[in-house]
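One chain, subunit A, links the two complexes that follow: it is found with subunit B in the first and with subunit C in the second.
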Partner chain A sequence: MSMFVYYLGLGWRSLRRNPVLTALMVMAIAFGVAASMITWSVFRVVSGNPIPWKSSQLYNVQIDNRGPQYNEPGNEPPDALNYTDAVALMQAHKAPHQTMLYDIAPSVLPQNANDLPSTTTGYATTADFFTMFDVPFKYGSPWTNADDDGHAAVAVISDALNQRLFGGANSVGRDVTLDMHAYRIVGVTEHWDPKPRYYDAYDNMEFANPAQVYISVNRAVDIHVGMAGRNNCGGAPAHFSNDEQWLHRECAWIPFWAELPTQADAERYKEFLTAYSAEQQQAGRFQWAPNVRLRNVTEWLDHEKVVPAESRISLFVSIGFFIICLVNTIGLLLAKFMRRSSEIGVRRALGATRREVYAQFLMEAATVGLAGGVLGLLLTIVGMQGIGLLFEPDVARLAHLDMSLLLTTLIVAVLATVIAAFYPTWRAAQVQPAWQLKSN
Partner chain B sequence: MQIKPILSALRRHKAGTVLIALQIALTLAIVCNALYIIHQRLAHIAEPTGVDEPNLFAMANLWGEQYTKEQAAAKVQQDLATLRQLPSVADATPTDGYPLRGGGWDNFITMKPDQTAKTTDASVYVGDEHFLRTLGLKLIAGRDFNAGEVQNMGLRESTIPPVTIISKTLADRLFPNGDALGKSFYSMSSTPTTIIGIVDTLHRQDVSTWSAPYTGQSLIWPLRLAQPLGVFYVVRAKPGQLADAMREAPKALYAENRMRMFPAKDGLVNYQQIREEAFERDRGMAILMGIICAVLLAITAAGIVGLTSFWVGQRRRQIGVRRALGATHRDILHYFLTENLLISLGGIAIGTLLAFGLNLWLVKTFSLGFLPLTYVLGGMVTLVLLGQGAVFAPALRASRVPPIEATRPA
Partner chain C sequence: MLKMTHLSKVYRTEVVETYALRDFNIDVKEGEFVAVTGPSGSGKTTFLTIAGLLETFTGGEYHLDGIEVSQLDDNARSKIRNEKIGFIFQAFNLIPDLNVFDNVEVPLRYRGMKAAERKERIMNALDRVGLASRAKHYPAELSGGQQQRVAIARALAGTPRLLLADEPTGNLDTQMARGVLELLEEIHREGATIVMVTHDPELAARAQRNVHIIDGQVVDLAEDPRFHTAYTAAAGQIRG
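And then the complex of A and B:
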């Protein structure tokens, strides 16, 4: 321990001896680590697993309902189901839990008649949605499967909407008016905003503001609650002229999820989907062989390319930048260490072992790394203020500074510098005591 | 200047030489690609929309009540009459979106009704007979819509109107011979739509990379949205009265019917805001790449200064000997400049390979364009100049080493 402190002191004195060289190294490391950390802070959110404890049990379902000529490369079926298939899978009930959903954006009528109506966003879905995706409740609970079967006019609202409409009081049992229709509130969620919003990546809602209202899909379809999400009719002629006809055509717009606890369950479910498609083929609805996909949360996020290309490129470029900074540091450390050949020679002649020379110089490098890390931390904090300039607001507001980011910054800076110092240190340890003494 | 002694000297400083060369190589690879990314993003931002941006604004009007098709059509007509009467407003049109809105409606285009693979894709705009005039589009062939051609379009009606006006880019794509006017095409329907007019430029609604191959391909159909959800109004203010019009329009519409909503996001936006939002990603990318390029070049230069200074310090005695043997200041200066040039050239050779390698990977992974040679050439020149500039100060110091140094111990 005393040697540790001694080397630290030596390192500090040596750094003060060449302030310009030291400043150069510290700045290189600081800029490199700050650029990497700022882009990492965004990347870790957009590439994160939103439901790690369950992501391998939740599966998105795709069924080819339009035929290979309209599919994406790789005979990739549409990314969502049409209404017919979604309802059929719900009724088949082959998974312990399954849910279908679609985007809605109803107007909400204020409690006070003098206020103006305002916009909300949310989902028409089924009771299983809340259990499958682990939605936390503040008041009440989800509606029940019986409510779904009975096409009940029930709603779950978010904490934020509850605050807006009821001042945060327990509103379970009260009514909310959406698009001029009344719904009975059965539950109020806690603030719940998984990022990326995997279950609705289809509508490009990965980074959207949290949903505020959920209603039962059967009721929503009955009274034609408008679909506010993405409607993909493919390239086929549409053949519909009103809402009712559209509902039963082959447009894809319903994300469908199944909860399948084990791998075997998933395989069985895929067999079921294939059998279902074969049935449709026999019935003459599909003129092509069964073509289905079953992807769990991480596979689905990958497939939907949820991580913006910008985030990936900037992370890679920043890391490249950091590597250049490290190469720079290796060169400067080499210069710094070799300039002290005679000092090393004297120390070696006085009995210092190679190992001790290693310890001393790595310690010195670590001091540089720590200084670089601290400056890098400041640059990261400053950079995070300007992150809105670099990334779109939806994504930028997700990035935040926390203890883990601060610690990572310091650790990465010190570790990288110590690794960069291996070669210069090795060169320093090679110095022959006799040769150095002689040349003096 | 003799190159051979420099080379043999470099051989005695392998590590330093390799490190500088490597740094130059990596810098070249990253700077070329980063500059190319900046160029592409800025080009995207600079794409013209073809509309009268300084005087336009858009309103996302969502209905607070559930209207039938007929009710909605009447409400839209009433709103338009209100808007057009405002003293600050020149004209207004109901539509499904506007250029650069992001996302929006687009259709596959085919030349025959039974064709399954698309010929291309077009961004779809709908509007009434005021659409061209409101947006300030330049009609270069054919005619505008007349009031009789405009139909109401209810929810989920897939009626394809018999006539359309298309952008010149789309016309040229479908009919390369320049004879598009009067011709027809199909768009996800079994009935054709005939081109009655061509406008000069009309940007797509979508700005994502998916749309890149179809840039500038747009069509307009004479349809008035009469749907329960709502409608966009694009309003053209009289010159210089944009701010007034943006203040008066929502007030007038609320006064007429308060059961409506203008969402906080995109409810009321002028083109400056629309542009800012549409190109957020591109602007951010350009800024970040710009910062990284600048800092990278600075750090590489600083690294060269640092290592060369070290070498100069290390070789004071040798320099002294050379000076004592008759080398001039200029000879010493040239020696270090040439040494740096040789290292730079080595770094650039590797860096060129790395630059194209990195570009290939970016092309494959992020569908970036192929790096033009000019960028690499520009990068090479920049790095050589940077190296020479960085080495100049230490080299100058070296040239001032007095011959007397030869007699001092190292």
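And then the complex of A and C:
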């Protein structure tokens, strides 16, 4: 510890030794790390695992209900189910938890009769949605399976909508009016906004604003609550109508998820899906062999290509820029260290081992890296204001500064500089004290 | 204390081998003050750097304080340098960014000594060379003689068994040189073993014993006082 503090002090002194050289290094590291962190701030959101503790247990279900002629390359079935299959899977109940959902965008009637109705977004879904996706509740709880079975007019609203309608008070038991239909509020969620919104990647809602209202899908279908997401009818244009005939058309519009705790459960469930498809084939509904997919959250996000290309490219470019900055830093550190060959010779003569020379100079590099990191932090903060110039607004607004980004900036700056310093330090440690002292 | 037997140091290139030291033999007893003299390029400094474990040798044996050093690794050599040897260089070799106190502290830092003990040793060493009041000064703020005194304090602070001095007065004027030499004599009287490389016959004459090196070999171990007389006279003629 004592030597650590000693080397830190020497490193700090060295910053002041050649102010111009130091400034060049600090700026190179700062600009490099800032560029990387700005693009990383976007990339980490768009590429992150939104539910890491459970992502290997939640599976998106796909069933080929339209035939190979409409499928994507690789005979990839539609990314969502049609109503018939979704209901059949729900009724089969082969997973401990499963849910179906579709996008809704109802108008919501304000509590104050003088205010105008406003549009809100959300989902028609089932009780298991909240359990499966670990939705946190501020007040109340999800509705029950019995509510689903009874087609109950129940709703869960978001904290934001609760704030808007009820001033943040506990609204459980009160009514909310959506598209002129009243629903009893059973729960109010905490702010909940997983990014990317994996469970609705089908509707391209990965980076949309948080949902504000959830109603029971059975009730929604009963009263023809409109679908606000995608419906893919395999080349046959169809206006969503929610009537019985439309519901059973072979259109894909319902993302379906199953919670399968173990790999064995997943395999059994896939067998079940295959068997179900085979039944449909035997019944004459499908004219093709069973073609199903079961993907967990990370596989699903990969399949949906959730990470925008510009985010990936800009990250690569900025990392490339950072590497160029570091290469420059290597040269500058080399010049800085080798100018001190005489000091190295003296220290070696006075008892410093090579390891101690390494420690001193790597610590000195870490000090430079820390200074670069601090300046890089300021540049990152400034750069975040202009992030909209690089990315689509939906994606750009996701980037935010938080403690983890601040710490990452500093750690990356220090670590990268220390790594860059290995070669200059190695050269410094090779200084032969005898030659240095003789030459003096 | 320092014994080299048939020691050689060869610098090899693709086309030529150069012997810096050849069949080099020397035995310095504990408490001796030995001056090593010889013309430029004779191998004096090479001897000193090998003696100080700053450089390896090609053949022969070298025992330092009873330890055969040829097989020691870098860590062990550094530890011996740190604990047993004190260096005084012609160019002082103080670290310009460190003040006097911090310069003297350098070898003690590598010894892992506690702060309180370091401080006591540093202030004692500076007191001994008469520079305790300059502890916060930087080398550039001191005269050459003062800088060499700091270097001596740095060498003394670790209480080494062996003091190696390479032309310690070479960069000093006569008055400053005299002061430094008197300091070395005082240190020797207190029991330190000193090996000093010098060109200066007058300086060499102040040592207990002279070792003369020519072409990498010890040519004369003159303990006889007559050697000093003859050598000093010869040097006087050359200068005259």
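Heads up, the rule we're going with is that the second predicted complex is superposed on the first by the 368 of 440 C-alpha atoms of A that agree within 3 Å, B and C clash if a C-alpha of one lies under 4 Å from a C-alpha of the other, contacts with A are read in each partner's own complex, and residues count from 1 in each chain.
Assume contacts are C-beta pairs under 8 Å (C-beta built on N, C-alpha and C of every residue); 3 or more make two chains touch, one makes a residue touch a chain.
Keep in mind that what you see is a predicted model, and the values were worked out from it rather than measured.
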Legend entry - Comparison of subunit B and subunit C by subunit A residues contacted: B
Inset, instruction - Could you tell me if A:I313 is touching subunit B, subunit C, both of them or neither one (first, second, both, neither)? - result: first
Legend entry - Partner chain in contact with A:H400 - subunit B first, subunit C second, else both or neither: neither
Inset, instruction - Mind working out whether A:E343 is in touch with subunit B, subunit C, both or neither, as first, second, both or neither? - result: second
Inset, instruction - Figure out whether A:G351 sits in contact with subunit B (first) or subunit C (second), or with both, or with neither. - result: second
Inset, instruction - Identify the partner contact of A:H248: answer first if only subunit B is touched, second if only subunit C is, both if each is, neither if none is. - result: neither
Inset, instruction - Would you check which partner chain A:L116 touches, where first means subunit B only, second means subunit C only, and both and neither mean what they say? - result: first
Inset, instruction - Answer with first, second, both or neither: which of subunit B and subunit C does A:N328 touch in the superposed model? - result: first
Inset, instruction - Across the two complexes, find the residues of subunit A that touch subunit B and also touch subunit C. - result: 440
Legend entry - Touch list for subunit B against partner subunit A, complex: 15-16, 19-20, 22-23, 26-27, 29-30, 33-34, 37, 62-66, 103, 108, 110, 113, 116-118, 154-159, 188-190, 209, 227-229, 254, 258-261, 263-264, 280-281, 283-285, 287-289, 291-292, 295-296, 299-300, 302-303, 306-307, 309-310, 313-314, 362, 365-366, 409-410
Legend entry - Residues of subunit A defined as touching subunit B within the complex: 20-21, 24, 27-28, 31, 35, 39, 69-70, 105, 107, 109, 116-119, 179-180, 204, 224, 226, 228, 233, 235-243, 245-246, 308-310, 312-314, 317-318, 320-321, 323-325, 327-328, 330-332, 334-336, 338-339, 389-393, 423, 427, 439-440
Inset, instruction - Using the touch definition up top, name the residues of subunit A that touch subunit C in the complex. - result: 2-3, 6, 13-14, 17, 342-343, 345-356, 432-434, 437-438, 440
Legend entry - subunit C residues within the subunit A interface of the complex: 45, 49, 52, 54-55, 74-75, 78-79, 81-83, 87, 89-91, 93-95, 97-98, 106-107, 109-112, 115, 154, 158, 166
